[in-house]
Every structure is written in structure tokens, then in C-alpha cells.
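Presented below is the structure to which this report refers.
By written order: A, B, C and D. Residues from 1 in each chain.
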Amino acid sequence: MALDKNQIAKRIAQELKDGYYVNLGIGIPTLVANYVPEGIEVTLQSENGLLGIGPFPHPDKVDADLINAGKQTVTYVDGASFFDSATSFGMIRGGHIDLTILGAFEVSEEGDIASWKVPGKLVKGMGGAMDLVAAAKNIIVAMQHTNKGASKILKQCTLPLTGVKCVKKVVTDLAVLDITPQGFKLIERAPGVTVQEIIAATEGKLIVEGDIPEMNI
Amino acid sequence: MNKVVKNAEEAIKGISDNMTIMFGGFGLCGIPENVINILATTSIKGIICISNNCGVDDFGLGKLLKNKQIRKMIASYVGENSEFERQLLSGEIEVDLIPQGTLAERIRAGGAGIPAFYVPAGYGTEVAIGKEAREYNGKMHILEHGLTADYAVVKAWKGDTQGNLIYKYTASNFNNMMATAGKITIAEVEELVPAGSLDPNFIHTPGVFVQRIFQGVNYEKRIEQITVTKPN
Amino acid sequence: MNKVVKNAEEAIKGISDNMTIMFGGFGLCGIPENVINILATTSIKGIICISNNCGVDDFGLGKLLKNKQIRKMIASYVGENSEFERQLLSGEIEVDLIPQGTLAERIRAGGAGIPAFYVPAGYGTEVAIGKEAREYNGKMHILEHGLTADYAVVKAWKGDTQGNLIYKYTASNFNNMMATAGKITIAEVEELVPAGSLDPNFIHTPGVFVQRIFQGVNYEKRIEQITVTKPN
Amino acid sequence: MALDKNQIAKRIAQELKDGYYVNLGIGIPTLVANYVPEGIEVTLQSENGLLGIGPFPHPDKVDADLINAGKQTVTYVDGASFFDSATSFGMIRGGHIDLTILGAFEVSEEGDIASWKVPGKLVKGMGGAMDLVAAAKNIIVAMQHTNKGASKILKQCTLPLTGVKCVKKVVTDLAVLDITPQGFKLIERAPGVTVQEIIAATEGKLIVEGDIPEMNI
């Protein structure tokens, strides 16, 4: 069965390593914070100027001056620091963030990503996404595999790009895909989802080698 | 030289039509409410507005947007501001959307006398159209330019009579760089203290960057999304 | 992940011949004495050293200079260091003299992923030889490049176990940018405190930039020129 | 009679205006701080990271962490701030400093300045001088008019340059000179020094118009 948002987040959380500094985008990526594996310490960066995001505040501790990049009220952990946006993106652009997790409208087999605009219909703006995808060492995309039956895992993106040849891994409701020089490589499938279903839902080149294990959620 | 002005009305003296104005803040966090509110009561129009966001429909820069006081918006995120998205899609407003980190760096560069610099963000996207591109360290970069403004309007937590500013938590965001990039920088603060009251080791914006400062009133500090942990 | 190391000896693990190393400090103010002293006891040589100054004859980086451990010096000021001037004039050491502000900005740029940028400093002087020049705002500028290092060694006043640093008075100088520009950044601090002890609003160097941290010992903190006002 | 160093500093201090942010170079310029006119508030910047330099400390208040760009122990005034070197030169390069006062080996009639190197003999390094002269709105040079009889006020500098076409005014032991598109313009002479003596000591083009007043020291 296809994963729900929390399960996608849970699967992505398995990619975290001890000591990682991680930037979480808006939406599913934010949920990853809830599933950091035991015994692993990761520090969450918010590009509006916080290193060391904590959980949402108790209702009496809500502070308008303390928000994450999704404009949600948050808290901070011991050892946190606050800084301005230039410093924050210096951190990102300079390669000091180990992992970026973000959402997307489309991803291509070359690792291109589209996430900020549907011409004539919707303009959210790129926010910090273009900076993040251009600079992070490791980028994982969290997204739905299809939209109303149409694949979002493509040969080429059809929407305006956020970045080129930058995505390393995609975790969808159906599968975990690595992006390799040869195209998408199927790594794991959602519990109960068949390889055939994933092939059918994928427009881009998909490499399937040997037995594809189910995710361990 | 006295930098202290009485209020927002006195602070905005000299702002006129068609000026470029920077406004600090990220979403509604750390926005200069007093100056925005007073500008919304004036007939000043044709503003070229540099701000990461454009407020929400009825608060922050959204007020100037609704009044059609803004001719052009230079920002990184439209987000959930439906009036902004409507004016953008209908072509009523000119919009220059810029990657957030590039926007932040362009403002810092403007304030620091750096006219141009290379960044990787946006290469291969429509942001790069018409821009010089060059490879560094095996990766393509595009040339971006420093930004300055006729006026920069920032909001700080505390400030002193010399113009030194400190910000609270994530309310620094664009304020700290914008303060350096205005020909005239107006700072509104929640608390204005005498020079010597703030620890000189921990000043975020040195006073040299600020030309006018005042203690704001009636801060609403609206929150876009209140998210909480339920107490057990 | 534990960033805390026991002492300077443990901190310099991995430093070997011919590496590029940045050292914070301005003159003798804010220099990483512990790491410099331990390096002076090793046989590590061929160092490409990035530092605003090169210590004095018998203290700070002057020690490494006297030991001939430094192959190339990238700095802005030779000043009153006679051994440095002698090695420079005799050609024993390679020296790249860079305007101080350009040096500071190149290090910041290196840490912030900006490979190149334009500045006015040095245009029309020998510093500009071989560099691209371009006019911006009616003034000529030259293209300068970001600097990074295999190791950056910085000194702070206080630091916490997450690597967050704060500096005292003018001892920030080059330390704050250099911390961002090392592939591995070593911070020595006068006082090492548990995470959570420093106010997160007033961190000068966020911990993400620091890979190793330790509390230094026996700081001499030598002063180059003691100038005083006689009490009446 | 030719001015001494303190008198040069005193004359330069007359150029200060209320509210100015000023960077003082090493040597004579540092002395200017002692002669700030009554009723005028100026803020002194030190490029190693201090805005708001105070007087030298009392002997028991000397602090190795609190020095000026000349590596002298100093204090700070109320309203001062400390920052790193990138911020400091951002301030300078960005045009936020109103006036820079510095020394020189030579100055040319076009406003070029040489101050950091005597090839084969002396290399001090440019320190922050190249950044300062390239960026400050207003640059005043404090220097000796001649060196062992040879003029240092030249048609063209003979030593490696620190900056081109940047100096606005020169105050020497003999005279105050403005730098104009037509060359050096004699503004004032030191008390007791004749116009002829100044002409004789000046190699660069010197404009003398009308009566030249004595400095008011």
C-alpha cells in the first residue's frame, strides 16, 4: 500500500546519520524531525536563521519572534544559535549543511527538480529552495510518485526548474529511488507495492536490478 | 548628531513616490509594523519594494499591496498571500523573484560595497536567463549584483541612541543586512535605550548603519501559523 | 557526535606537510596560542599559511616562521616582524600580500560558497596585476576569489560543546570568518562550557562551522604596544 | 616654521564635522583623536573591529583583547560595538565611513597615494590602507612635505601605489593642499612658511591663487 506522509518522513529519517546538520523543507520534510532514530543526534537548520530547531512550543511559550522557515512557531534546543539570513545561506551555500530534504512537483532522471511555479496558475516563489538544491552536499526529495495518475518521476521536468542535476535520492509514497548517471535506480518499494506498479508509475528511466526489498517502516 | 526621532511619522520624512525601499522581516516575523502602518496611511506610491515576502492579505506589506502603493516587488516568496499572487498573475504588479539566499547576499553585498559576485543558486533555471555564467570548482555559477535602496526600514528588539541594534531569535533574518544597504536606514525598536546600555560585544547591527531610530508602539506581532505541542 | 578534544595535540591530528592552514588573530590579538605552540614543536613543514599578520619574531606565527615551517604566507601586513621582512626580501619565503579587507572578504566568501566577487581595493596597483577588472557605479573593481583551507585554527573567548563561539572585544577579527572557511576548523577557547550555557541570540560563530574544540591553557596574551593614559 | 606632528594632527582635526564616522591610520592620524573640536561628536572606527574607540586605558585596565589597528591598547566609549574584520571592511567598502585620515610616502597631483612598500628595501604590507583609500568618501593624507630635501608631493608617485585618484586633501608640515582636477591647490600655509618655500618643496603642479592664509593652529 502507498505510504502516507508520515511514513514517507519515517523512511527518510533512516537516512540520517549521527552529527548531521539537516535542513528540512516545508511539508513532509518537516515531519522527518519526528522520526529521528534513537541514539542519533542531528541538528536541524532553518534557513530563516536558526540552527538547532526544537519541538513545537507548549501553548504558553509561543513566540512570534521564534519561527521556522514554514512560518510555524517552534522552540530551540540547547546549543542552538540564531543568525541573519546572509549567514544562514552562507552556511548552506558553503556546504556546511550535510543534508537537505525538500518537496517537489517533479523530479527528472538526471536529478533536476521543479518545485516553485506552475506557469499561469501558481507562483509560490522559490524561497530558499534554489539556494539549497544548488549547494547542499546531499539532497533527498520527499514527494508523491504520481499526481492524478500522471507520473511526477520523469525523463525531463515539464515545469520551471528549481535546480539541475542536484537530487541524489527520492522517497515517494511508492518507492525509494537513487538517482544515478544511468537514471532512477529502484532501491526499495513501499510495503505491498509491486515492482510492476512502480514501473507503471514512473515515466523516467527506471533501473530495476535483482530483488527489490520492501521498506522497513 | 541625534539619530532619535519621535515616531514612525517623523521617521519616514523624505520618502516619496517611486523610491526603492527595503523592508526587513521573514513572513510576519520581525517586520517594521509601525513604519508599514504609517506608510499605508500616506499617498506614497510607485514603491519598488525589496522584502523577502509581502506580508499577508491584511497585515504587513500586504496593506501597501492592497492599496496599490507597490509598483514592483523584489522578493523570494509569494507563499500564501493571495492578493500578491493575484496581482502577479494578472500582471498588475511587476515582480522579480529571487532565490532567498541570493537575495540575502545581494543585500549584504550592496551594504558592503561589493557590486557583483558569483553564486551557484539558480543556474540552469529561469533565474539565470540573461546572466553571465562561469564555472568554478567544477560547478556552474551565475553573476549576481549588490542591492541598495533609498531607504531601508528594519525592526529590532532593542536599540540604543547611537543606532546599535540587537534582534531576538529568528527576527534578525533580513533586518541585519538591510540595515547596511539603505542610503537612509530607519530602525524601529521595541525598546530604545541610552548609548552604553547594550553590551558592545553583542551588537548585531553597529550604529554606523542606522540614520534614524525610534521606539515603536502597539506591536501586534501577528503569527502566521501557531503550531504547538500539547502539554501532557 | 563529540567535537570536544582534550588539548592542542589532539586537535592538530591530521595536519601534515604542505597543507593550507588559516590562523585567526590580528597582530597578537586573538591568536590560537595553544595550537601554534604545539605546531612549533612538530616537524610539520611546507605550510601555506593564511593569516592577517605573522606574529612577532619570537611569538605567535613568528615561531613557525623562525622554524622555516611556513612555505608561503598569505597576509596583509608584515609590519614590525623583522624575520618575516628578512625572509620576504631575501626570497626565502613566498608571500602573497593582500589588502586586509579583501583578505577578510575572500575568507568570508570561501566559507559562504561564493567563488568570486568584485572589489575596488587595489585597482590600479600591483595587487590588480593579472586580475579581471570591470567598472561598476563609475568606479573600477577587480575580481577576487574565495579562500578556503585544509584547516582553520581559531581562538575564541568562550565556546560550548556544540562548537558555538563568542569573542571578546577586538579579538574576533579574522577568527569569525576563518571558522567558516576550514575544511576542518579547530577552535581553542579560554573557557569551554556545556551546550545551552551561551545565549543563542549572541553566538558569533554557530557551531556548525567548528569540528574540534578544546579549552586552551596558559594563555600568555602578549601585547605588542602597551599604550596607557596616566592617571591624574 | 614647519609644523610638528601634533600640529599637523591639530590642523586635520579642523576638518571633522559633527556626526562623522572616521577611520584614523597609524602614526600622525592617530593623534587627530586628541584634537577633536569642542561641541563636535565624532565616532572613531578601527578596522580590526571596533566602532567607538576611547582614550588609552589606565594602566590597570589594559586588555590584550582590546587594541586598535596600530596594535595599541585602547578603550571603548558608550555606544561602541565590536565586530569581525569582514563586517569592518564591509562598513568601509560600503561607504559608511565619512572620512579616512592616513599617512603616505608620496602623493601625486592626481590624488594617487603610495604608502606600503619601498621595493627591495622595505615591505610593511598594505594592511587596510588599499581598502580604505579605494572606498572612503573623503580621504585626507597626513605627511611630511619633503624627505631629506626631496619633495613627496609629486607629479607622479615613484613608489608602488596604494590607490589611484583617491586623495582629496593633504596636510603636511608646510601646507594644506586640496587635490583638484588641475593639480594641487594651495589652501593654507604653516605659520611663518612662505608661499615660495612651499613652491620650492612641491614637485607636482601647484596652483596658487590670491593670498594664501596661514593655518590657524
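Brief remarks on what is shown
Note that in this section contacts are C-beta pairs under 8 Å (C-beta built on N, C-alpha and C of every residue); 3 or more make two chains touch, one makes a residue touch a chain.
All values reported here derive from a predicted model rather than from experimental measurement.
For chain pairs B-D and A-B, the one joined by more C-beta pairs in contact is A-B.
Ranking all chains by how far their C-alpha centres lie from the centre of chain A, first place goes to D.
Chain geometry summary: the mean Cα position of chain B and that of chain D are 36 Å apart.
Rounded to a whole number, the gap between the C-alpha centres of chain B and chain C is 33 angstrom. Separation between the centroids of chain A and chain B, computed from CA atoms only, is 28 Å.
With centres defined as mean CA coordinates, chain D is found 55 Å away from chain A.
Within chain B, contacts with two or more other chains are made by residues 105, 108, 112-114, 119-120, 167-169, 200-201.
In chain D, the positions touching at least two other chains are 76, 82-83, 89-90, 92-93, 135. Those residues of chain D that touch chain B in the shared complex are 18-19, 21, 41, 43, 45, 51-52, 76, 78-83, 87, 89-97, 135. Across the interface of their complex, chain B is touched by residues 46-50, 55-59, 62-68, 70-74, 76, 82-86, 88-90, 92-93, 112, 120-132, 134-135, 160-165 of chain A. Within the complex formed with chain C, the residues of chain B that make contact are 105, 109, 112-120, 134, 136-137, 141, 166-169, 199-202.
Chain C contributes residues 1, 108, 110-114, 160-162, 164, 180, 194-196, 200-201, 203, 206-209 to its touches with chain A in the complex.
Contacts from chain C toward chain D in the complex involve residues 26-30, 52, 75-79, 85, 88-89, 97, 99-105, 107-108, 119-127, 157, 167-177, 204, 221-229, 231.
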